[in-house]
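Given below, in the form of structure tokens, are the structures.
Next, two complexes with chain A in common: one pairs it with chain B, the other with chain C.
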Partner chain A sequence: MLAYSLSEIWSILIMQGFSGLSLFSVLLLMALGLAVIFGQMGVVNLAHGEFMALGAYTVYLSSQLTEAYAPGFAPYYFVFAIGIAFCVAALVGGLVEWGMMRFLYKRPLDTLLATWGLSLIMQQAFRSIFGAREVTPTLPEWLMGSFKPTETIDIPINGVFVMALSLLLTAGVTLFMFRSRIGLRTRATVQNRAMSEAVGINTGLIDRFTFALGCGIAGVAGAAFTTIGSTGPDSGSRYIVDTFLVVVFGGSASMLGTIVSALGIAQTQSISEFFLEGTMGKVTTLMAIVFILMIRPKGLFPSKVRS
Partner chain B sequence: MNAMLKVQDLTVRYGQSEVIHSASFQAAKGEILAIMGRNGMGKTTLLKSLIGVIGAASGSVQVDGKEVLDMAPHRRVRSGMAYVPQGRMIFSTLSVWENLVSGAPGAVEKSTFDEIFSLFPVLFDMRKRKGGNLSGGQQQQLAIGRALITNPKVLILDEPTEGIQPSIIKDIARALREIRRIRDLTIVVSEQVVSFMMDVCDRVLVIDRGNFIHEDTRANVDADKVKRLLAV
Partner chain C sequence: MNKFYKNILGGKAGIIGLAILAVLLLVVLPSSLQIFRLNLVGKYLTYAFVSVGLVLLWGNAGVLSLGQGIFFGLGGYCMAMFLKLEASDPITTKIQSTPGIPDFMDWNQLTALPAIWVPFKSLPFSLFAVVAVPALLAFILGSAMFKRRVGGVYFSVITQAFALILSLGIDGNQGLTGGRNGITDLRTLWGWDIRSESAQYVLYFVCCLLLIGCILVGRFVVSSRMGRLLLAMKDREDRVLFSGYDVASFKVFVYCLSAAMCGIGGALFVLQVGFISPSLVGIVPSIEMVIFAAVGGKMSLLGAVYGTLAVNTGKSLFSENFPQLWLFLMGGLFIAVVMFFPNGLAGLWESARARLSRLSPRSGAAKKIIPMPAMPQASNLVETEPKLP
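Our next item is the complex of A and B:
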């Protein structure tokens, strides 16, 4: 520690803090989709990371098509590609729910196995279609570069973009869940499926919608991911453990918990990884989570009402 | 009798075990029918099979002449049934208002809300409070209000007095009579409390081990006999 001056430590903390915010953004986007599926439906979707990769590959494909057929559209394509990534991932998610998940809701262990199998199938499909090498879409100019608020601090624009996107999407999903009729029905179905049916809610349709929405959000996470890293067939699986950690730590049905948990984990990891070594940083984060979960087994923000 | 609810030869099984044996009964429009029986005699199973939460092995359930047995519960609700389960089962993390509108197919008319809030004024006062933070009696009122939001033709209530304090039980009895008066709907209520049954119902059926063993209209009902049939 004594090797750094006070101003250097300050700059390091800001830079690592921002690096933590970038990690927070990706974790938040991933966890948001997973919180919708795991938190709302109780389904452990081990293929969630692959839906993120699907979104990333969709952006890559959009980039290739734009370059080949509409090069003049290149500065704008990325914004549309995010929407397309959402739609493609949501559509595939909806099909997966219809073709597989709906038969497994009462069998959680089978769900685990089935989604793991699905993740392997999707990874292989990515490998067969796009190759084993990692790919990167051509990003528009406005996403490149960085700005320097001081001489020693360098903030990358793509990091700011991902952060803004994740916050915007989180606000959108929260509004949707708490202000729309479908959101209300989703929350009711989460609480009591049989009773929801008995009050007139088509829970089968809600399940399909919820699963598709969660997968669509993972697709957006994938689109955001392409701005800070390259995409390979197993890119999604690298994030899946941390994402589950975020959702469980936050309290599985709490949107606020997901945000606070993603921020806490990302910042702890990012800052501790600088001052300790990478593995020790991860170990410190995990130990802190285990300790807090021992005190609060239902996560940071459990529900506080009579069941 | 012009039956609003017509149940014929309804048989319900849990695996190999038959719990309801070829049950048949009817309820007319505007009638309040009580189904009485001791614990474990099949009241809840019967009502759950009417709304479709439990599937029936065979038989027929018709609402206003329309067969609903093969329908999922949410479609039975659309066909005119509504269900207030034992133990209320309100959505505890949803607000009172959200609980009320959770099953509504579309926009709810103001008159429907006015009607529900005039029956249960406490629901309006507590409309922003979470359902799980209400007392048992308030939750029961909410569960009935939630069922009424879809403007049902047949209202099914499973032991609405269970775990409720006596003053609230009287309120619920008064509310059921008022609901029938305003909407002229058919009410099927399972109960063990004879005084409540005598207070609200037009006709009583006593169920024992999945069979109806006694039937009477309120005018002719022998309360002591019913109490004996309910005695353990």
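Our next item is the complex of A and C:
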């Protein structure tokens, strides 16, 4: 340890802090869509990871199409691809809600199984269409490389991009939920369904909209992840437990809780992975979360809604 | 005696159902299948222990655990540790740098047997641990969660997280557990070669008999006063709670019972298949085990066995012939069972039987069969029964 000079230790701290922040933004992005669905509707969507993969594959497809038909557009396509990913995932989510989820709201345990089935089907669909190998879209030049504020500090641009996107999206969702008409209706439905119906809110439509919104956000998250890793048919399922723990740990209906818990989990994990071997760092983090959840079953910021 | 006949064997219909299953498992399958296929059926039957446990836990008590693979794996590891120690005696392992310890420990530069492995040199202790370790863990987890009234989807998600923790933990501690490869190359049980054909037959029959034993235990629980309480809890938990029952303790008990059954299944899996690895512990196998029970019918103990056999046979047939289609089919099965056949094969069988007996001239029989067993009468229960201590 003495071999490090003071400036090197400083750089390690900065970069380790950045990698924690980067993990935080990844977790936040993943959890945001779920926080909307699970927090607002109480529905556990185990296919959430597959909706992320759907977004990622959409970006991959757009990159392939851009290369084939409009090579000059290549530097800009990514921004549009994110929008398309949102639309595709939201559309599929809306269809799933219409075809399956709306029959299951009264049976929360059964939604677990049904959405798991959906996730298997989506995984196999990805595998049949895009092949079992992992794919990466061609990223525009401006997303590559890294900042170098000093000689020893190295901050990757794609990490900054994901961070910015996740902050933007969080702000957007919060504004939408608390400042827009539809957001108001959504919150009203969560708080008292019968009363909302009585004042003329179409709660069935609100449900479909909320579910589609959550899936769309998952699509955006998946699209953003193409900048930091490749996409395979089963990459969605790798995230699912982390995502759920972030949401449950934060307290289901609280946006602030989701942010705080994503930050806490990310920092714990990146610090423990620095000191312990890879998987054991993760095990320690998960154990800590589960232990805290046993003491505070409703999460850090429980909602004050009567059920 | 009469009580035994009515409650445990389930009267005439129950005895017939059990007899059919026993004949199928003990006579028809062994006489018609080759030993390779029979061994496969034996492997599926070890999953049926998990399904039977899930029928009690999920179907009757309404608690869905997505982490039953934890207990299956723990039971399996307890058995495998004993077998591995027997397989690595100092003579056969004399080429290792430390003879007498399992080979994977030697590869990981361990020079002595870890303390946790030492008790597993004894067979009685190992057999005890197969049941006790899963039950103990279930007791700890269950008391922590049920006493704080963690239920519903929260419980499911947390058990799923535990399945991930345990599989990652086993994976990460290679020297202690064999890591991702698991514990392999198991040979003998007290000098008896478990890989021989005759041993596989014997183990198959042991597996069947233990499974039938578990079903009888399950029937005893379901038909007892506690079984009715569990059903009442599933439908109106707060009502049972306010009537003065300690809801959490009942749930903890059923959770432990199902965990113990999983442990037995895991141990038999190791004996018949000859290895255990973290791939049997994680999220995916745990949730697949739920679908076995769901296909059989989550309220039916016998259905759970048929469901397990049906899904696994389908799985091996399809993944041999159309590997592409299998996941579509499996996914479709999850959705179809939930949306269209909530009572699984048992439900289909009941309705088919009801329809048949309506067609037949002796329609009096139909009346006895049609009522579903799922109707708890919570109000009666509360009025007529004294408080349990």
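Operating definition for what follows: the second predicted complex is superposed on the first by the 289 of 307 C-alpha atoms of A that agree within 3 Å, B and C clash if a C-alpha of one lies under 4 Å from a C-alpha of the other, contacts with A are read in each partner's own complex, and residues count from 1 in each chain.
What we mean here is this: a residue touches a chain if its C-beta (ideal position, glycine included) is under 8 Å from a C-beta of that chain, and two chains touch if they have at least 3 such contacts.
Predicted model, so just to flag it, every value in this text is computed and none were measured.
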Message = Applying the document's definition of touch, where does A:R185 land relative to chain B and chain C: first, second, both, or neither?
response = first
Message = Tell me the contact category for A:L112 with respect to chain B and chain C: first, second, both or neither.
response = second
Message = A:V283 in the overlay: touching chain B, chain C, both, or neither? Say first, second, both or neither.
response = second
Query = Counting only touches as set out at the top, which of chain B and chain C does A:M294 meet: first, second, both, neither?
reply = second
Inquiry  = Just checking: does A:A198 make contact with chain B only, chain C only, both, or neither of them? Give me first, second, both or neither.
reply    = first
Query = chain A residues in contact: does chain B have more, or chain C?
reply = C
Ask   = Between chain B (first) and chain C (second), which does A:S128 come into contact with in this model arrangement: first, second, both, or neither?
value = second
Task = Classify the contacts of A:L120 with the two partner chains as first (chain B alone), second (chain C alone), both, or neither.
result = second
Message = Touching residues of chain A toward chain C in the complex: what are they?
response = 42, 44, 100, 103-104, 107-114, 116-125, 127-128, 237, 240-241, 244-245, 248, 277-280, 282-283, 286-287, 289-290, 293-295, 297
Request  = Under the touch definition given earlier, write down the residues of chain B that touch chain A in their complex.
outcome  = 51-53, 72-74, 77-78, 82-83, 85, 89, 91-94, 98, 101-105, 130-133, 146-147, 150
Task = Show which residues of chain A lie in contact with chain B when the two form their complex.
result = 184-185, 187-188, 191-192, 194-204, 253, 303, 305-307
Key: chain A-touching residues of chain C, taken from the complex the two chains share   = 58, 62, 64, 66, 144-145, 148-150, 152-154, 156-158, 160-162, 164-165, 168-169, 171-173, 283-284, 287, 290-291, 294, 324, 327-328, 330-335, 337-339, 342
